[in-house]
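Common to both upcoming complexes is chain A, partnered first by chain B, then by chain C.
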Partner chain A sequence: MMLAFIILGALTLVGGVITISARNAVHAALGLVGTLLSVGGLFASMNASFLAATQVIVYAGAIMVLFLFVIMLLNANQPVTGRDPVPFVRELAGIGGTLLAGAFVVLAFTYEDPAPLATSAAALRGGTAGAVGETLLTRFLLPFEAVSVLLLVAIVGAVALVQRPVPQPDGVPDTEPAGLLAPDTGLVFESVTQEAVLKERGRA
Partner chain B sequence: MVPTTYYLALSGILFALGMIGVLTRRTAIMVFLSVELMLNASNIALVAFARSWGDLTGQTAVFIVMTLAAAEVAIGLAIIIAIFRKRETTNVDDLATLKG
Partner chain C sequence: MPDWIVQLLITLLKGVGVALGLLTTFAYMTLIERRLLARMQIRLGPNRVGPMGLLQPLADAIKSIFKEDLTVTLADKLVYTLAPIIAIGCALTAFGGLPAGPPGSLFGADPWVYNLDAGLLALLAIMSMGVYGIFLGGWASGSKYPILGGLRSSAQMISYELGMGLSVLGLLMLVGTTSFHGITHWQANNGWMILFQLTAFVLFLISSFAETNRTPFDLPEAEQEIVAGYLTEYSAIKWALFQMAEYVNMITASAVMATLFFGGYRGPEFLEGLIPGIASWPFIWLFIKIAAFLFLFIWVRATLPRLRYDQLMRFGWKLLLPVALTNTVLTAAIIAFSTGRVRVWLLILLGVAGVALLIGFSDRVRVLWTTPTVRREDVNLTPARPAGGD
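Moving on to the complex of A and B:
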């Protein structure tokens, strides 16, 4: 059990380091896949079998495929070159992160289990889909339904954000989909298509 | 059984790694990947606490966090694509027009 924890924990941290340090974004995403799979293994070692399955299916499956799609769609796998506008950001982030990790580790070792682990782990009933689903649909029914509404909003919002403006046949200027910024100022909302329409009107 | 403290320490280190990533990476997508690291670190801690207390509430919270992460990624990546169409960049240094 301890050996499994050491291997999975090491894989998790190695994947995390690859994620934050890889120059190619695809490599970083693949490092995160490694981390997510190892975290799934850690869940399984903590009597959370349903969450382990969900982690692999939802996180390592669906979310990471979405990430890789967008990285390749935007051709964003090249690193950002050029000087960083914030001085010493890497050094400061490294120092801050080390301090934060140290503080978390010190805090973690002050934690004491309220009961022997063997008895409390048995109360989880293995964390199977049945056990988690029972809690989710009785005590946490309202959050569960709220999350389903949130997912619906996310679906509609994602479609609304990325749809292109529909060309209007009657000379009415096309409207921009919400949330887009004009290239220069970020404040001007007149669109290129509107300028084109005005130019055409002047020509006519 | 592996003590809860080891899982909590691992979760803290992973969270700090994610924070370093958020602070140092300069592409919006990479910042997102680092945020996923931090979410996973918190999930490890929640599952560890659930096992320590013998209460399934922690595991239920992790399930909801996963759903929130999925919604966040869908909306966030849609925003990144919308910005990329306008600006041809996802560098967060260039997207600082709202800076006060």
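Moving on to the complex of A and C:
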């Protein structure tokens, strides 16, 4: 048990170091996958197999795949060279990191268990989802719902950002015959002029 | 020898046994697939190496091991080598959690490699890691078509993973546990799960085809469009490892479907009257069920054409996912508000209705009663839309 903890803990740290030190974005993402898997392994070694499986499915299996997807789509895997385009970014990151580390130190010293460790560990044993589900849907219902609303807002925002504007019919002259007869097919296409589109939009 | 070393050795032995068994099955599966496809297409198939072509897998293995192992100049060497290993590693690991017989039936040992309480979830987790193999293989090749194949595969597998996970929720609510033993026991007492969750089975079957990249969902390696997809730059043993992963995943998916919906390692209970104890014979029943599903995989490959990419995505997100969600919600309602015989009949009715819905709204049938719509933006385009499509 101790041996498993030491090995998995070391793997977690190695993955984290690779994540921040790798030049190539894909290698960094793979390091993060290693970290997440090792954390899943830590859960599993403590007999909380439901948490372990969820950790792997959600983080390593879905979120990191999306990360990699974006990295590859944007071809962002080139090594970072040259100067940072944002001024003072290193200094700001340093300050932010220090603040975060401080927050974690405060947390570590003032943390109170929501339930005694023995009770919660016993409830999680056996891989049942019951303990997690009950806590999430009773005691932490409001934060849980707030997080889901946050995610929904993020999705809607992303869709709104990438939505293509309604195409302007540039090629179509303003005056055209009322009906455009396609001679080959015999189909009649209603011609939509710019004015018609504008009028339509004014009405909407 | 201390007890834990003995346990460790037994587990290791079982793990190696499962891996060897799966790889042998893979080798002969390729032969059987080629012979069956040939039969379905009225030709002979490989029949020259050994009697009836039985040594063909051996010849293939020797060939792929001794072929030159090419690496493209632009490839990311580390990830390029890692990708096939991830693929086959995940594929082989996933199978170990499935019970092949009652406890203690393998010469006194248990016929499974590991037994997690979150069995089904753990299996879904391991299978979801398999996408990395294909995905990274496509990227690391440093070439155009492989990356297209890799991107397609990641989008496809993430999309259908959702449908797969959602479809088994109703089943989990009925059984009340995620361990394969619990599910098998429940079915031994109540009857096969397919009676109660027909829709879930159909959804799971379709998702399995997509997750294993089999026809009609084999877009990551669509040869007419993107050469061989993520496999394009791979050769020799690395290529063979990818092929192994695909077939082992198929075997695992078959075993999962057998365990979840067809009683697992237990045979039909009515045979107990003829020969007492026959239903709990280890291995044989699971193997028969796996073989039946593998035949189905081959049969579908010979029957259905490949989907287009947009058809694949539309089917996954607009049909599979909503039907799975509806099935989950309605199953929950039935469990909450009915008991006994009424519950059984309601569940059967729900299953049939779900399958009817799935067929009625599929692209093949829907066009019979809806006319294809033209988007407003498309009105200005020249009439270049081909027949078919929507």
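The definition used in the following text is that the second predicted complex is superposed on the first by the 119 of 204 C-alpha atoms of A that agree within 3 Å, B and C clash if a C-alpha of one lies under 4 Å from a C-alpha of the other, contacts with A are read in each partner's own complex, and residues count from 1 in each chain.
What we mean here is this: a contact is a pair of C-beta atoms (placed from the backbone, for glycine too) under 8 Å apart; a residue touches a chain by one contact, two chains touch by 3 or more.
Just so we're clear, the structure is a prediction, and the values are computed from it rather than from any experiment.
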Problem - chain B versus chain C as contact partner of A:A129, first or second or both or neither - result: second
Practice task
Mind working out whether A:L141 is in touch with chain B, chain C, both or neither, as first, second, both or neither?
Solution key: neither
Exercise for the section: Please indicate which partner A:L42 is in contact with in the superposed arrangement: first for chain B, second for chain C, both, or neither. Expected result: first
Handout entry: Which of chain B and chain C A:I7 touches, first, second, both or neither
Key = neither
Handout entry: First (chain B), second (chain C), both or neither touched by A:L74
Key = first
Practice task
Look at A:V26 in the shared chain and tell me whether it touches chain B only, chain C only, both, or neither; answer first, second, both or neither.
Solution key: second
Problem - First, second, both or neither for A:A53, with chain B first and chain C second - result: second
Exercise for the section: For A:V156, decide between first (touching chain B), second (touching chain C), both and neither. Expected result: neither
Exercise for the section: Jot down the residues of chain A that show up as touching in both complexes, chain B in one and chain C in the other. Expected result: 50, 54, 62, 66, 73, 127, 182, 185, 187
Completion exercise
In their shared complex, chain B is touched by residues of chain A numbered 1-2, 5, 9, 12-13, 16-17, 19-20, 25, 28-29, 32, 35-36, 39, 42-43, 45-48, 50-51, 54-55, 58-59, 62-63, 66-67, 70-71, 73-74, 76, 79-80, 84-85, 89-90, 92-94, 96-98, 100-101, 103-105, 107-109, 111, 113-115, 117-125, 127, 131-132, 134-136, 139-140, 143-144, 147, 150-151, 153-155, 157-158, 161-162, 177, 179-183, 185-187
Exercise for the section: Could you pull out which chain A residues touch chain C in their complex? Expected result: 24, 26-27, 30, 33, 37, 40, 44, 49-50, 52-54, 56-57, 60-62, 65-66, 68-69, 72-73, 77, 126-129, 166-167, 169, 171-172, 182, 185, 187, 189-190, 192
Handout entry: Complex contact set, residues of chain B against chain A
Key = 1-21, 23-27, 29-30, 32-34, 36-37, 40, 43-44, 47-48, 50-57, 59-60, 62-64, 66-75, 77-87, 90-91, 93, 97-98
Completion exercise
The answer for chain C against chain A in the complex is residues 76, 78-79, 116-119, 121-122, 124-126, 128-129, 131-132, 135-136, 139, 147, 150-151, 154-155, 158, 161, 165, 177-179, 377, 379-380, 383
